Amino acid sequence: MDLFLQQLFGGLATGAIYASIALAVVMIYQAIDHFNFAQGEMAMFSTFIAWQLLDWGFPYWAAFFACIVISFLGGVAIERIVFKPIHNAPVLSHIIVFIALFSIFNSVAGFIWDYTIKAYPSPFPSETPFETTLIGMHQLGMIAIVLAMLGAIYVFFRFTSVGLAMRAAAANPVSARLVGVSVDWMLALGWGLAAAIGAVAGMLIAPIVFLEPNMMLGILLYGFAGAVVGGLTSPGGAVVGGFLVGVIENLASLVPFIGSELKLTVALVLIVGVLLVRPFGLFGRVVVNRV
Amino acid sequence: MSTYSKYLALAAAAALGGMVASQAIAADKMYGPGVTDTSIKIGHINPYSGPASAYGTIGKAIAAYFKKVNDEGGVNGRMIDLVSVDDGYSPPKTKEQARKLIESDGVLLIFQSLGTPTNSAIHTYMNKKEVPQLFVATGAAKWGDPQNFPWTMGWQPNYQTEGAIYANWLLKNHPDSKVAILFQNDDYGKDYLHGFEAALGDKAKTMIVAKESYEVTDPTIDSQVVALKASGADTFFNVTTPKFAAQAIKKVAEIGWKPIHLLNNVSASVSAVLKPAGLENSVGVITTQYHMDPTDPTWKDNAEMKEWNAWMDKYQPDGDKASSFNAYGYAVAQTMEQVLKQAGDNLTRENVMKEAANLRQFHAKLLLPGVEITTSPTDFFPIESMQMVRFNGTTWELFGDVVKAESS
Amino acid sequence: MPTRNPADMLQIAGIEMVSWRRIWLVAGLVIAIALPFLFEGFTVFQLTRALIYAIAILGLNLLTGFNGQFSLGHSAFFAIGAYTTAIMMDRWEVAYYWTILPAAAVCFVAGFLFGLPALRLEGLYLALATFALATATPQILKYEPVAKFTGGVQGLDVFPDDSPVSFLSNDQWWYYFTLVVALIAFLVAWNLVRGRTGRAMIAIRDNPIASKTMGINTALYKSLTFGVSAAFTGVAGALEAIVIQFVAPDSFTFLLAVSFLVGLVVGGIGSIPGAIFGGLFILLIPNWADQISQGLSWAIYGLFLIGAVYVMPAGAAGLVRLVTMRLAKKPSG
């Protein structure tokens, strides 16, 4: 039982990692109707920028917010510079550009900052206010921040005119353009927001897994999985999905014959299973195909 | 006696013995591919891109070392022309690059190719082609098999040997301990495991209470550490690469587990592992070493370390002085240099291999005092001794003697 | 007399497109046959690998280009093909040329079975499921119970017989062997997409709902396409095992699946000859990038990719099509 609780909370802690990345995945999906395979590397790069600022002597929160702003602008710039010329190219061409961005960010980060791991500070105290070894203070703080981001995104999409315009632009670009929404800039805004959320995720993940150019390689897959399980159209679903993947993966390691050797495989089988039963995720909207 | 004066003495002895001298003249200027009167072309394969790119540092260090050798006049008057290529740690790519080096660039030999799966991919090829595959950067035991693979040789102490050192130490000092093991799910992790289990012998069944593995793609190993603690173990054998080692050390401290912590040498770097994990969390961690850690204050005034520092300043001004890869590359390149020196003007592939198997108590600078490189036609394991060390919060403290574990 | 495609009757320099195509085909074949005698062993070996990749990309193209299904998991089928060959040669000492068809068969079954559930997924979801397959493959190959067949992390050595033709070196022999297999593969693919099956595949791609109402068994065709696609890629895997003479789990990571996708897009989606360009691209460009700058080779590769997408949004095949369209004139007579 003790071990079960340990793994359950351990799963929630890793789930927070996946959930934060899943949020960024959903954000970009809302804007461009697609996955961004370079999302993880962009988050990693943002975290390195924050690390550099800290290294230059910035206080933690100054670096934190500066990094968010820089990442937002960077995201907008990528859309405007790299993707604008190929707006009309087929989807697969976009995927190739994602792959290109992936290798560029990874390689440049390694070139500038090296491949050795770096410790990244946590903004939270190291001691939990109550006696427990089930979960650390950083993990608790991270869960709180992920939920706060979720709330902000919910409000943004539901109640602000920009958020509504963005959803319109993604869902139906032609009609949106007719009612005066600048679809192009909505795309750029989506990129910026996704990059900013990714930056926050990166800065929260780095204290746990350590900062290095390849730190997102494994995490991104789980982040995608979380987003898909929860439903790509639902930020709340993505967060729940992220936590679910973390918990399932950890509990799977308790089952004999699976152990930690096959837990990844098991987690993936479960994800495909969920998709077969509910093809648009647990909380996703069903999209009806019309002929 | 320094290496150089040793070499001089050897040369003098050779010159005095008439027979030997005339043989040397007879063997005068035998060249294999890639060798001229002024240069020796050496191939080198390293992951500069991809998941293992952290090891790229070693490649840069080796190139910088040979630059120093060339600035000082080369080896026996010949410049070392190092052709270093990237395989991204992908076995088919390694095969492609090895073929390029040998068939297209025409190198004399391939030096320090890195990784077990990657070296496995070219193992048979190199031996069929009869090209030296020297001092490969992997600790698998299979590289020291002169009977079946006379053209391949390892360098560092092999993982099984190291695993056995920890096991023997436990048997002697903590015979009743309950051991939990975390290992990377590949050949490297399993080699350590085999060496450790074999040395424990019959006691392995009772002493090892839990084993957990992880994949390099796993984001964290938190769940494994938690499960290991739950097994009730009082000893933790940590067979992980730097990033995961740091995560494990941190997690062990976080969940309030206080085992005897045995860490594999792969992650024994103060700056790359213990510092990110938290120095206070690392107190008491035990590992083995065979070369000096540049970040370890023990060696601050050591003459070899000062020389290394000067070399870093001159040849790698942007390099990371805290990285033990820079020490490793420095030491392994000296070994290559020594073999080429010994080969003299007889630079055929056969003779290079013969001299590689003829290293006698060679001390490469930065190896721990008492750790020497010895090989013979039947012993293809250059470094076989290590010393156990314990971390005291700022530095590794040597304890016990230099342990020499004969590999099978 | 069968009606002729008007596009075929367009002319460049007074010669009809159909004839041009034949000329190019013959010229290409002559060049392909001559190549091993023009280059040294290592280059021939590289060309062989490019051909192998071309077959794998062709397999992916059947799925993506002609059937509209995504896959980021074709490295898995490449691995299954390679391991089928390696295990047959290692365990039962089967001669290498007898392993190609079994590898194709095993991969067809594997692809078909994977396709059955995957059918229900579309677009991104299918991409994710196949992505998962690619990531899990190395892990499964290392799993203890299967490790006694696969050699686990150590991999397996493969020892194919030497060239049976005295005047051909091993490299040249492997090249011709691969070339023959590739020609058969391309011919099969060509016939497939031009026939009834191909029309059904394309109909499903272009309008799944309409094709269903027209009585095409979409489910069956999609699964079959997945199987056929996997079989092609498996053949490529088998050839790679023979040519590299070694298989290990680390050879078949997710990055390989990404490479195939890159080759597919750069060569041209839905173009059969494009696969050859794709194969050359994914083999040669990383090498060039590495020569330009070792530390930044991936970044340079990335720039190459972006450049390729800008210059050839529809792949190399698209570019060729565009150029011929510009040059082509209606027959004057």
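Before moving on, here are some points about what is shown:
The first chain written gets the first letter, and so on, giving A, B and C; residue counts start at 1 in each chain.
Definition applied: a contact is a pair of C-beta atoms (placed from the backbone, for glycine too) under 8 Å apart; a residue touches a chain by one contact, two chains touch by 3 or more.
These are the chains along with the protein names UniProt gives them: B = Leucine-binding protein domain-containing protein.
Nothing here was measured: the structure is a model prediction, and the numbers come from that model.
By count of C-beta pairs in contact, A-C exceeds the other of the chain pairs A-B and A-C. Taking each chain's centre as the mean of its CA atoms, B is the chain most distant from chain A. Chain centres here are Cα averages; for chain A and chain B they lie 38 Å apart. Spacing of chain A relative to chain C, judged by their CA centroids, is 33 angstrom. Among the residues of chain A, those in touch with two or more other chains are 107, 110, 221, 261, 264. Residue numbers of chain C whose C-beta contacts span two or more other chains: 135, 139, 142, 295, 297-298. Along chain B, residues 49, 56, 185, 215, 217 each make contact with two or more other chains.
Within the complex formed with chain B, the chain C residues making contact are 40-43, 45-46, 49, 135, 139, 142, 152-155, 157, 159, 240, 244-246, 248-251, 253, 255, 286, 290, 294-295, 297-298.
On the side of chain A, the complex with chain C involves touching residues 34-35, 82, 85-86, 89-90, 92-93, 95-97, 99-104, 106-108, 110-111, 221, 224-225, 228, 232, 261-262, 264-265, 268, 271-272, 275-276, 279, 289, 291.
Of all residues in chain B, only 48-50, 56, 84-86, 88-92, 95-96, 99-100, 103-104, 116-118, 120-121, 123-125, 185-187, 190, 215, 217 touch chain C in the complex they form.
Within the complex formed with chain A, the chain B residues making contact are 49, 51, 53-54, 56-57, 185, 212-220, 222-224, 226-227, 230, 242-243, 246-247, 254-256, 271-273, 275-278, 320, 323.
On the side of chain A, the complex with chain B involves touching residues 2-3, 6-7, 10-11, 13-14, 17, 107, 110, 114-119, 133, 136, 208-210, 212-214, 217-219, 221-222, 249-250, 253-254, 259-261, 264.
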